[in-house]
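Taking it in order: structure first as structure tokens, then the write-up.
Going by the order they are written in, the chains are A, B, C, D and E; count residues from 1 in each one.
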């Protein structure tokens, strides 16, 4: 550039500047994705070994994993897990199905909505676990009270999400259906249901998370089976390592159930834009 | 004045602690004692381990032993409840309408039995184990459930269970209300079982002088308790103290109910405790056996006994 | 809310406008519409009367918010008028009477492009084998062949708009109601699609009521341009556009009549817009 | 219309058709809004009186309300309520502040995000109440363990919401900031924070709901104060009416706290489009 | 990523283009840009060279997706080129060098219209008392006076776009980079704003680089029209537009040169679009 004035010029480089090496490494997301939990566990192990962490409350990961593997050999652990899963699922189904149905019905019928909305709005903010004692009084300490409390918690999450989905259908889609003279059930099937599906799945996702919370609490009462029981029981008899084994399984259950739901959602809602990749601000 | 925080369940077996408090035995020793209500064995281990309590009444069960095995430092130092003959504080009660069908331990087959602390390594589990063994039964031969004492009484009333293990004064109450009948008191099934004990946590173990003074006051109260029950001291005063501090608020009940046994010298039935540990381990309540000598420390009680006997 | 009555049961409350000549397809008489917006009443249309002949291509221009969309929605039967009436002659009961192309993006995100375009036929239970060739034809016309099985999220805004035009065409109605269908397109695609629209219209002789903001578009496409006044909308001018057909957008540019007409419309609109 | 062909004509009426009277009534939303809960209570009362509902589990609303009024005279009920509120609030603040800070930091730093995300993703689906026994072991049975468990639950909700908010800032806003040569802290203050605020408040809302759930559960342990304690205790001693009184207060607490949060949100985020009115489909 | 260097430290890697004449404000030399889209590499720009003189109004037209926005973003310093260089002469260090009006809605939803328009000044810590009159002036020019204290959600799409134009004007840069700023407006507001833009440009003699899809807009506004080819974008033609200024959109319509030029550009674009 040979302009001989004192003007300033903004010049951009003609190729990309080299990034620092560490930044390139962090670009490879999988590296950190694997590295960080492993690093965390190693750090934990070391902190316990040098006695900076109290081994009574934070047993070494190596020990816990060994415990987990040992217990995995016996069917008892799997019976506990099975109970927890079945309570979650039965309760979930018990709550989700009426939740979706009532949600769609309320979404499409203003009368029904205005009739029920105030009552539901009043019940919604009650933490459903607070109803658990009442439910135990009514249904006893057995399985049914556990299903019912999970069902109640799931029901409200799914109902609210479905309702929001149906109510918030873009007006124009209903206009198109009307313009094309869609019959009532055609409009339900081709517009209301698919348009609400993403919301319904959001409700499922929240409900599933809630169901695990509620199951863990419910398993503190009137049962000797289930991962929640193992956690509370281990606390009572001070078996911290057993508690960790159960915690790991509960975490896995939470993680895998959400993963499964996401899979199902992707299969059922192929029209959704894939989630945005991590954005490098 | 030395501060001591002591946990108790508000149960009648905590009597020596409340007596020492009310009759000023702690003050005599220069101790400033604060009583904290606890509601479960888990609470006990937790609070002792975090140092929120210096000492506590509690049950020498699997939870306590497990905690010690995993490095929590507390000691079992004195008797605070055992099934001395005549002290059937616990009892097996049978639903009224089944009283004539359940007569021997073998009749328990396929019955439902509710107990507080089932599967957590509670003392009463061993008692049940002995009862069943005498009838040639195993736990799996009947339906066992875990319930709080209150639930057991209610469940007997609503006929949800057949047999329950209850504590006084509920034992007396359910019989009086015609809900159930007393079948066997615990002292007839497993005499001298150590179901209650005084425990010292690290907070007081570190202060031996305080620990000793505390024990003196405690034993002094235990002796008053035994004297009152034997009619050698004012039972009215005892009842007044218990009414004030324990969950049994109706003075009438003390007339008919059985009291827990508390050894005047605080002596623990270590042989029985070892037997219990064996049972819990054999029945899957504990993963490993523990050496009782690591856990029990009767030296405080022995020193206190000497001091009290000398001053008599 | 919406009724399709045989003619002889015609609504006795038909507006005072009276006689509707035999060639008339759409007759709008004294239409007015008030909206309730909270406590206030917004008057969107007032005393609006229009006649559209069979096979005529009529464009409506007017300032933003003057009630064009409201008018079209009433004609489509999606909104009830506050006063006045609309009657449309339905020649062939086997065909849909009217289909609307909406101003907003209106193709269904949950259907593939193919399913979207075939929506009207599917609702009428036309067998799949008959739907497919029709859909393919209109996908080709709108340049979307390669996206037949894509979902809308994979399309650009312009492509979505083209799909909704294809959906209306595939429904094959007697009356096409188009609310700024090409506004979201870039100039080049817009002109291509305008030419396509004129070709299809020429072939099928549909009656078209077309809303646009673009004076050029109005002049290129229509037989008549209706200019609406600012809210509450009424018809301010009714201009005949006599350029010979077939027309090509770029060939009209040199015509002095074109410059005169567009200037005339521009001045009328400007008058309405100035208050903004 | 006097066209003499056999053509069909679609004719629209020239004024709005009269709606049925009941539909007009339901238009007046407030009518149903008040009517439906009142009706529900009256129905409940009647069902109990004619013994179709079991009075032991569903005491008559009139009785419960009387109980509530009587107890409201004594300060004990308000002490319980005060404990619950203070545990909720302290735990909420303890969790929300670090949640927002870490969320913004992770949102803006890809390295930090990639480092921590996997570990957080692993912990997130664990129902936090399952950690409560562990927290009781570490912090004892007193107030601190209750604050910590509430804080942990709130922390993750707020963190995830804030992170999502910062990561999903529309790219173009950051471009504008760059184009206007905003300095780093200017971009934080004028873009990142306000853009993430609606998400942060969503996190607050979820966290607040969660905090009430967790408090109610935590009050089952090591305390004789708090509405949760009243509920669990009433269950144990079969005092159903006391339970209902506490339930009503918990529900009110949930409702009012959300209402308050919504107020604060509206004050802090004046730029948000007011929520859409109910839509009459 | 972005550097403002005094001229004499000019980048030695400056493209082969070489000499830049003294009146040149913006010199783009051999610009190319590849994007990584998953595994594939998309070439958005290739060998693109442009000179814009001080005070010149240059318009870029080209088919959708040809790289126009990419080019403007590189000039704005928001994107780094893969090859080639951009240099812009900065005359007055007290003024911002360039400001961009983005194609998407870009005014901040969390600021009032007033705060949005004053954003650039606020960032430079100009005192409030000096900001207000500037903001008021540009709000008036864009017809937004009555919405000064409204939040963007209360505005229509067109009003938002006008606000972002006002924001760029208020920043008073030497170079205005405008990416289809009027595309979202209705025809009437568009023409009014075009006239406003020409007036401001005439008064302040800014250098303007303006992207549009509308041939009419390009012809009405600019001194030169650059036509870009389809992706990867390169400059296909560079046409001078010599109509006398001040111009009024509607007055040009009758000019035969206007018809010729617009036809010429149309044919070039059509060639590019046909593949779609």
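Note that a residue touches a chain if its C-beta (ideal position, glycine included) is under 8 Å from a C-beta of that chain, and two chains touch if they have at least 3 such contacts.
Since this is a predicted model, take the numbers as computed values, not measurements.
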Chain of greatest Cα-centre distance to chain C: B
By number of C-beta contact pairs, the top two chains: A-D
Taking each chain's C-alpha mean as its centre, the one farthest from chain E: B
Inter-chain centre distance, chain B versus chain C - centres from mean C-alpha coordinates, in Å: 88
Intercentroid distance (Cα basis), chain D paired with chain A, Å: 17
Euclidean distance of C-alpha centroids - chain C vs chain D, Å: 46
Intercentroid distance (Cα basis), chain E paired with chain D, Å: 46
In chain B, residues with contacts to at least two other chains: 42, 49
Residues of chain C engaged with two or more neighbouring chains: 2, 77
Where chain D touches two or more other chains, by residue: 133, 136-138, 238
Residues on chain A engaged by chain D in the complex (per definition of touch): 23, 26, 29, 32-34, 36-37, 40, 56-57, 107-108, 110-111, 113-119, 122-123, 125-131, 133-134, 136-138, 166-169, 171, 174, 209, 212-213, 216-217, 228, 231-232, 234-235, 238, 240, 243, 246-247, 250-251, 254-255, 257-258, 276, 278-281
Complex contacts: residues of chain C adjacent to chain E: 63-64, 143, 156, 158, 186-189, 191-192, 213-216, 249-250, 253-254, 256, 258-260, 262-263, 266-267, 269-270, 272-273, 276
Touching residues on chain D, where the partner in the complex is chain E: 172-173, 175-176, 178-183, 186, 190-191, 194-195, 197, 269-273
Residues on chain B engaged by chain D in the complex (per definition of touch): 37-39, 42-43, 46-47, 49-50, 52, 148, 150-151, 154
Chain E - residues contacting chain D, complex: 2, 73, 76-78, 96, 98-100, 102, 104-106, 108-112, 119-120, 123, 151-153, 171
